[in-house]
Structures are given as structure tokens and as C-alpha cells.
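Here chain A shows up in two complexes: once beside chain B, once beside chain C.
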Partner chain A sequence: MNKKYWILGLIIILTLVVVTPAIAQNNTPPTDDEVNSLAKNMYCPVCENIPLDVCGTAACAQWRQQISDMLGDGFSDQEIYDFFALQYGDRVLAQPPRTGLNWLVYIVPPAAILIFAFVVFSYMKNKQKPTTDPMVAEAVEEQKEDEDDYQSQLENELKKRL
Partner chain B sequence: MTVNIGYGALVLTFIVSLYAIGAAIYGERNKKPRWVDSARNAMVLIFPLLTISAGALILLLVNNDFQVEYVASVTSRSMPTYLRVTALWGGQPGSLLFWSWLMAGFASAVTLRKWDRDREFLPWVIVVTLATLVFFLLLVVFYENPFVRMWQTPVGSVLTQIFQPTGSIPYVPGDGRGLNPLLRHPGMIIHPPLLYLGFVAFVIPFAFAIAALITGRTDDRWIRITRRWTLWAWLFLSLGLILGGRWAYDVLGWGGYWAWDPVEISALLPWLAATPFLHSVMIQEKRGMLKHWNMLLIIFTYDLMIFGTFLTRSGVLSSVHSFAQSAIGPLFFAFIGVTLIVSLYLLSRRWDELKAEAQFTSWLSRESLFMINNLLFVGILVVCFWGMIFPLISEIFTGQKVTVGPVFYENATGPLWLALLFLMGVAPLSAWRASTAKSLGRNLWKPAVISFLVPIILLLTGMISMAAILTFWMGAFVFSVTLYEFYKGAMARHKRAGENFFVALWTLMGRNRRRYGGYIIHLGVIFMAVGIIGLEVFQTETQGSLALGESLELGPYTMVYTSLSEFDTDDNRNVARAVVEVYEGDEFLTELYPRKDFFYESQQPMTIPGVRSTMEDDFYVIMADWKPITTKNATFKVYHNPLVNWLWVGSIIFILGTFVAAWPEKEDSPKRAKKSVSASEKV
Partner chain C sequence: MTEDNSILENQEGKPKISFGRILAWVFVLALLGVVYIQLAKSQQGTIEIGAMAPEFTLTSFEGETFDSEQLKGKVVLLNFWASWCKPCELEAADLEAAWKFYEPRGDVIFLGVDWTDTTNEANEYLEKFSITYPNGPDLGTRISQSYRTTGVPETYIIDKEGVLGRVKIGPFQTYQEIISMVDDVLNQ
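Right after this comes the complex of A and B.
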């Protein structure tokens, strides 16, 4: 019984796989906006740092045409990204795929920020010792006394006057 | 003749700079002040000398002396005179000379200040400043010489040398290749000089920091001396970045101002180190703390500035291979390494002497919040630095380059920028040394309540973007806090001295330029944030190929394509210019003229958008080269950019605030210094 359902399911899936592109081909061709929504996440290897959707070179126009054709043939967005990455390397994608060494690009910044935050907070927490030279500390404190209280004196002035 | 004068002055500057370094070290080591004075005089001389050199190159550019290789590569006969002058920084050799010239200006200027109270710094400031200059002059004289001429040998080949090879005759091309079209925009004409000014000006605070480390004068004197130098450097750098953004918006034709391009990021990195430095030096001045940290920040600002120049000049961004082939890439790399190692070594030697004179007493004190501000800026710096160099790391280790695009930076830095915005509201109301939650709450509650209306109104009007709601909320909060600060200060003066409220406000700002200049900068940042969110969150776009009379709709607007003309201009351009009418509903608003220029000399196209700008939004039309354009059909890419002009308004306010903070005032004498910082006096 179960086997029958499996076979039936397989037939349905295969039918969909075969028929879907055919149906898609009958649809109206993709609009420029549909092409650009993919192209803006891609870069050609020649035009450095210019997204594909705004690059004016003939090569990039060909790529956009290719995207348009693939959309017309019913390929999904991911399949199109995969196709171009396979053909021209991962650099065509706007973000490195999360594999292998590329993980570093995502992990290092938050790790560095967390470590730095830990160092800063530890420093602030542990900075309880007064200076070894009390004379220096006293002199500095005295010199800066009136600067420190700008805010509170402003408040006092306002209280008195208003 | 002009070439010989320019080149001679350049070589002479190089020799004089080397002499000044030697004389300063000799005089300092052997206690012979006359040698130090001689070094100082030599340093005064380098600006006039390099002015002769830069002037000679400008003359060659203006006179179309195409025998000079650099002139032939960046100018052409059809270019107007002002563009030939700006071609000075239109190519690598010229821009390195220009960089050196500006650097020499700052170097000579710093020697003219009064040194009576800081005499011990002088020799080392000369050494550090001129060592940086010598490095750049080395590149100009030996590797990227803008005075190199072209010579034709008897066998017909063309050689490039300064002096005439035996048997050769001068080779003069009929015309030059012309300046890169992208560099012909007014924004690009001013953007590089300002960016360079920002870069080179940071050499001065760095030189004083290193002088303080060498001499052991580890109090905050070096910070007080360089306070205004730093602010001016920051002003130029900020202005350079903003104008770069404006240029990108007007010229690059993608409807945005910032693409997270590595070249842009390399210019942003020194700014990201300098901005926390500007904040944290206040902690050292007021509390005698964070001395190590300030040294580190100025060292990193300096090295990131050199690093940024290295990245854009060495070709390393294209590929690590082009770095290896580049003559100047390895030299830059070595220079950065040496300066960083030497600076950190000097810092380590003085580590114990730089201990804090006070301690953190409260998590809510001004110094604690400034420290968190530093943490956030450095966090953004790490993200940007890592994202920028990761493609190189990937190429080195895997042989495959990857692209780290805008989405990475936006996602990673967005929350950090938002947290910074929040801190801008809280930190000014906290007190130095100690703030309690109660005292802070007392100051904050009124602005907080007012600002809370903003997210409520936005939610009621149907806004769903959390990024936008939070940013507008924080913006309203900081805006209320900042205005309240102005109001409180002015009212206190008004009541005490009986001054007119506006006079009181003016006097208050005049007496506390740094504080109120900082507040004005904060106001500018809020407006900039509104513009940024407008573009990043609410921008919409569409594209379509239209026949004459057909229309495209986007947002509340409709554009109708009415005509296209194609013609050649006197300055060797072919222009394809469309005329489109813009309507809102049935109401005609304006005509726009998006066009495509093709420059025959450089064989490069340039896209000029047609833009209808209001404070509410921009309607930005590009004639895209999607399909071959005929006079009957054209493809247009259209952007609707809500609120984007608040970015430029905010930028102007930001710059005005920096002017207020950086405006020179008489340096306080030691006696007056204490009096002048009295809060009651200020109020």
C-alpha cells in the first residue's frame, strides 16, 4: 500500500518537473524588474564592484539577457545563482556562500567585537585602583573639578533662575 | 625647461627633507638647538619647493605639453582649462605629487606655530612628519614620476625618461587621452583634494603623539596642541567622504550614494578610527584616563590612512597578483609595517607611564558611555576592515576571490550605527565621573516622552519597517535631547545676564565651541540618518523599454518618454539625450533630461541621470544602455528615493558643526586654562 503511494508521488513529482518548464516557457517573458532583482545581487568578474543590474558593459548586458532567458525557462532564483557561481566562481555572488573559509567573513567581526567588548568592560570594572601617586591624582582631580560638574551646575543655575 | 624646474624642485625637496630629518635627530641627540632650528627652517622650505614642482606640472597640463607622459595620459586639447588643472590629481603620479604637496603644506604650517612651551616635541615632530613625506617623495621621484617625457629612438620605439636618451628626438603625440569622464564632475573635482587634506592632516596629531612617546612627555599636552589640527583633519575627511557620496549619486548612475566599494571603505576606515579618537581624547583631557587607548587610536588612524592610500594605489584590490607586479605596492606595505611596529614599540616603552590618573566610578558616567561609543565605532571599523580585506585573504588561501557586497556591511553595521545614535542622546546628559540612573533619568525623561510619539505615529500610519521605526525614534530622541541642551544653556544665560535669548544662545555657543559644535554635528547626523533610511529602506525602482509617448509608473509619479536626440559636442563627446515628462497623477511637474555621454578620446561612456529633487523625495531617471538605443526606443531605469535630500541637508549641518568646533581660538595660557573651563563661567 505504502509502496503504491510512493510510486504515485514519484510520478506526480516527475510530471511536475517535466511540465513546469514547459508551462513557464508559455508565460510572458520576465520583466526587466524581475531580471534586475536577481542581477543586483550579482557581480561580473570584469567590472569590479559594479552590481550587474547597473553595469553598462556589453558583457553584463549579455549576462542579464542570460538571466532573462533562464527565468523564462522556469529556473528558480537559486538555480540561476548556482549556475553563475558554478560557471564563473563564487565572486559573482554579492555575498560569499557560507562554506569553508568563507565562514570567517561572518564569524570574525562579531567575535572580535565580543572580545573587544569583554576587554573594555573588564577594564572598566577592574579600574578601581587609584593612581600610585596620590599627589598627581589629587592635582589632576583639582584641576578638572570645575569641568566635571558642568551639567550639575547648569541644572543648579536653571533651578535658581527659573 | 618647465619639466626641469619641476623635477629639480621635487628632487631638491627630497634632499632637503632628508637633511631636515638628519639635522633634527643630530641636534636633539647632541643638545645642539641650532641644528634643530636648521631642520625647522628646512621644513618651512619644503612647501614653497613643492609648490614650484606642483606649479610646474600644472603649467605643463594647462599648456598641453604632451611630450610629458602624464600630461598626455590625463588631458586632451578639448578639455577646458579648469579640468586640465584638476588633472593634477587625475592619475597616479600626479595624485602622489599632489598628496605630497598638501602634506608639505601642513608640515610647513606646523613649524610656524609657537614652540616655546613644547620645544622638546619639535625635533620629533619634524622627523615623523618628514619621514612620511620622504616616503611619498620617494615614490614620486623614483617610481611614479609625473615629469617623465617621451622620446623616439632612431628605430622608432618610444622611451619614457626624464632626460633625453642619446640619439633620440622628443616624441609629442598630437593629442592626449583626456581625463577619465567620471572625474569631470564638480564633486569629483573637489572630493579628492578634501580627502587628501583629511588624510595628510592626521599626520600632524600622529607626529605629536609619537613625539610625546619618544620624549616621555606623557601628559595630555600633545592632545591639547593637536585638538584643532585633529578637528580640521576630521572636517576635511568628512567633507571628502560626503562629496564622494554626492558624486556617486550624481554620476555613477545606480541611484545611491554609497556602494560599500573597497575604495570607499578604505577612505572611511581612518574616519572610523579618528571619530572615537575625537571623543576619547576628551576623557583624557577631563579625567586623565585612556592614555594608551588614545595613542592606539591615533596610531591606527595614521596607519589606516596610509593603508587606504596603499589599497587604492597598489592595485591590490583588483588582485593580489597585481600587488606583486606593482612597483609601489610592496613599498607601501613595508612602510605601513615599519611605522606600525615602531609606533607600537614606542608605546610599549611608555606603557607604565601612561597609566590612568583616575578610575571609572559609574557605568553611567560620561566616560563610560564614551567608552561604549568607542567600542561601537571600533566594531564598525572591524566589520569594514575585515569585509574589505577578506576577498584578498580568500584569494591568497583558496585561489578564488569572493565578493563582499553591501548586504554584508548593512546587516553587520546597521545595529551598531543605531546603538551609536542612541548613545548620542544619552551621553551628553550624563555627568563626568558619576551619573546615577536617577539623575540621568531626570534629564532624559522629557525628551524620551516626546520622542516616543514618533514610533506611535509611524505605526499608526502603517509603517512596518523596524529599521526605519527604530531609527526615526532614536533620531527624534537625540533631536529632542540636543535642542533641550541648547534651550537649557541659553535660558540659564538669558536669566542670569538678562541677555536676549538668541544673543544668549550665540554667546553660549561661542564660549563652548567644542561642546555646541559637537551638538550641531549630532543634529546633522540625525538628518543624515533620515536620508539614509529613506534610501535604504524605502527606495523603489523599475525599468522598462519605452517607445516615444509611452510611460513608466513608479511611486506617485508617471514619466512619459517624449523625445531623444543625439549630437556631438565641441569637447569631443557624443551625447544621447532623452526628454521625459514627469507627472504626479494628472499634474505635470517637470521635464527631465537623462543622457548618455560617450567620450571619444577615452572611449568611455558616462551616464547622467535626470533628477527631480524635493525634500520629500527624488525622482531619478537614468537612460540605461540595456538595449541598443534608437531615436524611437529607449530603456529607462527609474528610482524613487524618498527623503534622500535630508542626507545632504544633514551633511551641511554636520560640516557647519565641525566648523564651529574647530574654529581657532586663542590658545589658553596655563593660568587662564583653569579659569576658562569653569562651568559657571561657561553658563
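Right after this comes the complex of A and C.
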């Protein structure tokens, strides 16, 4: 009975010794496309405004290698983003986390569009609405009457000549 | 009569201020405020000599923590570097030699702040130049931001009271230059 367990244990150990490196060898390193799919969402502080996937500096090359190593080690995309944010600050992320002042990035653009739309709408509405100011209304009315008088006089003159 | 009254009422009526208009102005002013603060921050330039050096906490690659508050009483040479930075290599050996000169005194400490670097390459760099003084990553680039660095290498020498004594932008050219600057701060 004991001998059986020994043999079974030996088989398991041998299997692990043989199979584990084979699995590891099959674990191919991530491709450049896989690395760049993450790198395009990051920026290094050395070369601001250039995404990491197209940045040609030595610093960015090292960062891409770091991403490749982490993908190879089985880290998820989010874990890699979190690592870079912790290591180099939130500003390396194209989409900074929704915390603190970072909220401005998400709130300001839509709010600006809404306010702009509101201003345009209010302006158009006020332009179409007849004025409620009696002084202005009176002045407009007088101008209209003057124009009517002038027009009828002009028409009469034309009729006479024709 | 009725018409006249309504005219007077209209003329005396206060101008209409809508909630939307107030909100729009508040938003615009807040936005301008944020832009102003950011511009002012970016225009600040480097820290002036004679000003209190910003506080920092550096955890070395070996896990030792250095707090600027606890370092008071010592002259601190804070050197920002990166493994990908070629000019940093020019001063690396001289910095190590200067550290070896001051280390026995006990009242001077050199600290290397590794900026936007990767750990493997940073350790290779430290090995390559046999650097023995403590070095650690600038986590979240917080130290470099508080010192408003413009790149690497940059070196800040802080006196025993925590006041910034000397600043070197770019690499030290000679070992003697480092010694001279540290001595200046020691003798202040």
C-alpha cells in the first residue's frame, strides 16, 4: 500500500517537472500589437503629448518593455494601468481615474457644450420674441408708421406718373 | 390708464436674472480660475535658493525610508536621475566618489531619486556605476513635481535646517564641482 503511494507521488513529481517547463515554453511572449494596445493609452512624462506606443525615446522603449514583461507574467490590462499610475502618477494615463480634480476632465467638456447650447438657445429665443419694453415697442411702431406713410406716398406718386 | 400703469410697472421692474445665466457665469469663472492656477503653477520655475526645500519621503530600492523631516541636521544632496539618461552617466562616478568622501563624516547624505524609470534598468545602472548611496524610485513623480524639476539630471543640496543651498541643473562636470558645492552648503 505504501509502495503504491510512493509510486503515485513519484509520477506526480515527474509529471510536474516535465510538464511545467513545457507549459512555460508554450507561454509565448506578448506581441508588439498587444503591448501597443495598452501603450497607446499611456503617455510618459518625458515626452508629453506623445502616446507611449509611438514615442521613440529610450525611456518609452523601457516602459513598453515593462508592459511586455508584465503581460508575459500574466498581469491584466487594468493591473498594468494601475501599476503605471502608482509608479509614475495618474498623468501617464490617457484616461485618468475619476477621482479628485481628475473629475474636471470628464465634467468640463460636456458642461461647456451644454452651457454653450443654452446660451445660443436663449439668444435665439430672445431675438424672436417681440420686445416687452414699451419705449422700444413705441419707437418700433412709430418707425413702422413712418415707413407705411412713405410707401403709400411713393405708390401714389408712381400711379400719377403712370 | 391701465396701459400707463402696466408701462410704469414694466419700466420699474428689475431685470430678469435667470438661474441658467448665473450657472453659466459661475462655470466660466471657475474654469478661468482653474486655468489661472495651472498657468501660475507652470510659470513658477525652479525653487529659489534660500527657500525651504519641499518635504519628501523616499523609499529606497532596498526598502529603507528617508523622510526629509528626519534628515534635518544633515546636509542632503538630492540627485534626480534615470537609467535612460545619458548625461546622468557623466556624473554618476563622480557622485559616488564624492559620497565616499563625505560618508565617514555622518552629517552629509546623498540620495538618488530615480525619475520615471523601470526598476530592472535602474538596478543595472546602479550596479554599472557601483553606486552605494541610497537610491529609490520617485513614486508617482511626487518628489520631482514638488521640486519642480525640468528633467534629469538635476541636483538639489539642502542645508542642515532644510533650506535649499545649491541647485545644479544638468550633470556635474567634475568631482571637484560636487565637493565645492557641498562644502559651500556645509559652511553656510
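Throughout what follows, the second predicted complex is superposed on the first by the 101 of 162 C-alpha atoms of A that agree within 3 Å, B and C clash if a C-alpha of one lies under 4 Å from a C-alpha of the other, contacts with A are read in each partner's own complex, and residues count from 1 in each chain.
Criterion: a contact is a pair of C-beta atoms (placed from the backbone, for glycine too) under 8 Å apart; a residue touches a chain by one contact, two chains touch by 3 or more.
Model, not experiment: these values are computed from the prediction.
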Which of chain B and chain C A:89 touches, first, second, both or neither: both
First (chain B), second (chain C), both or neither touched by A:59: second
Touched partner set for A:46, first chain B, second chain C, both or neither: second
Larger contact residue set on chain A - chain B or chain C: B
Touching partner for A:122 - first (chain B), second (chain C), both, neither: second
Partner chain(s) touched by A:105 [first = chain B, second = chain C, both, neither]: first
Overlapping contact positions on chain A, where the chain C interface meets the chain B interface: 61, 89-91, 104, 108, 112, 132
Complex interface listing, chain A residues touching chain C: 44-46, 57-59, 61-63, 65-66, 85-91, 104, 108, 111-112, 115, 118-119, 122, 132-135
Residues of chain C that touch chain A when the two form their complex: 6-7, 10-11, 18, 20-21, 23-24, 27-28, 31, 34, 82-84, 116-118, 121, 137, 139-142, 145, 151
Complex interface listing, chain B residues touching chain A: 252-254, 259, 261-263, 286-289, 317-318, 355-360, 363, 368, 371-372, 374-375, 378-379, 382-383, 386-387, 390-391, 393-394, 397-398, 400-408, 412, 429-433, 443, 488-489, 491-492, 495-496, 541-545, 605, 607, 624-627, 635, 637, 674, 677-680, 682-683
Residue ranges of chain A touching chain B (in the complex, touch as defined): 31-33, 36, 41, 43, 48-51, 53-54, 56, 61, 64, 89-96, 100-102, 104-105, 108-110, 112-113, 116-117, 120, 124-125, 127-132, 136-137, 140-141, 143-144, 146-154, 157-158, 161-162
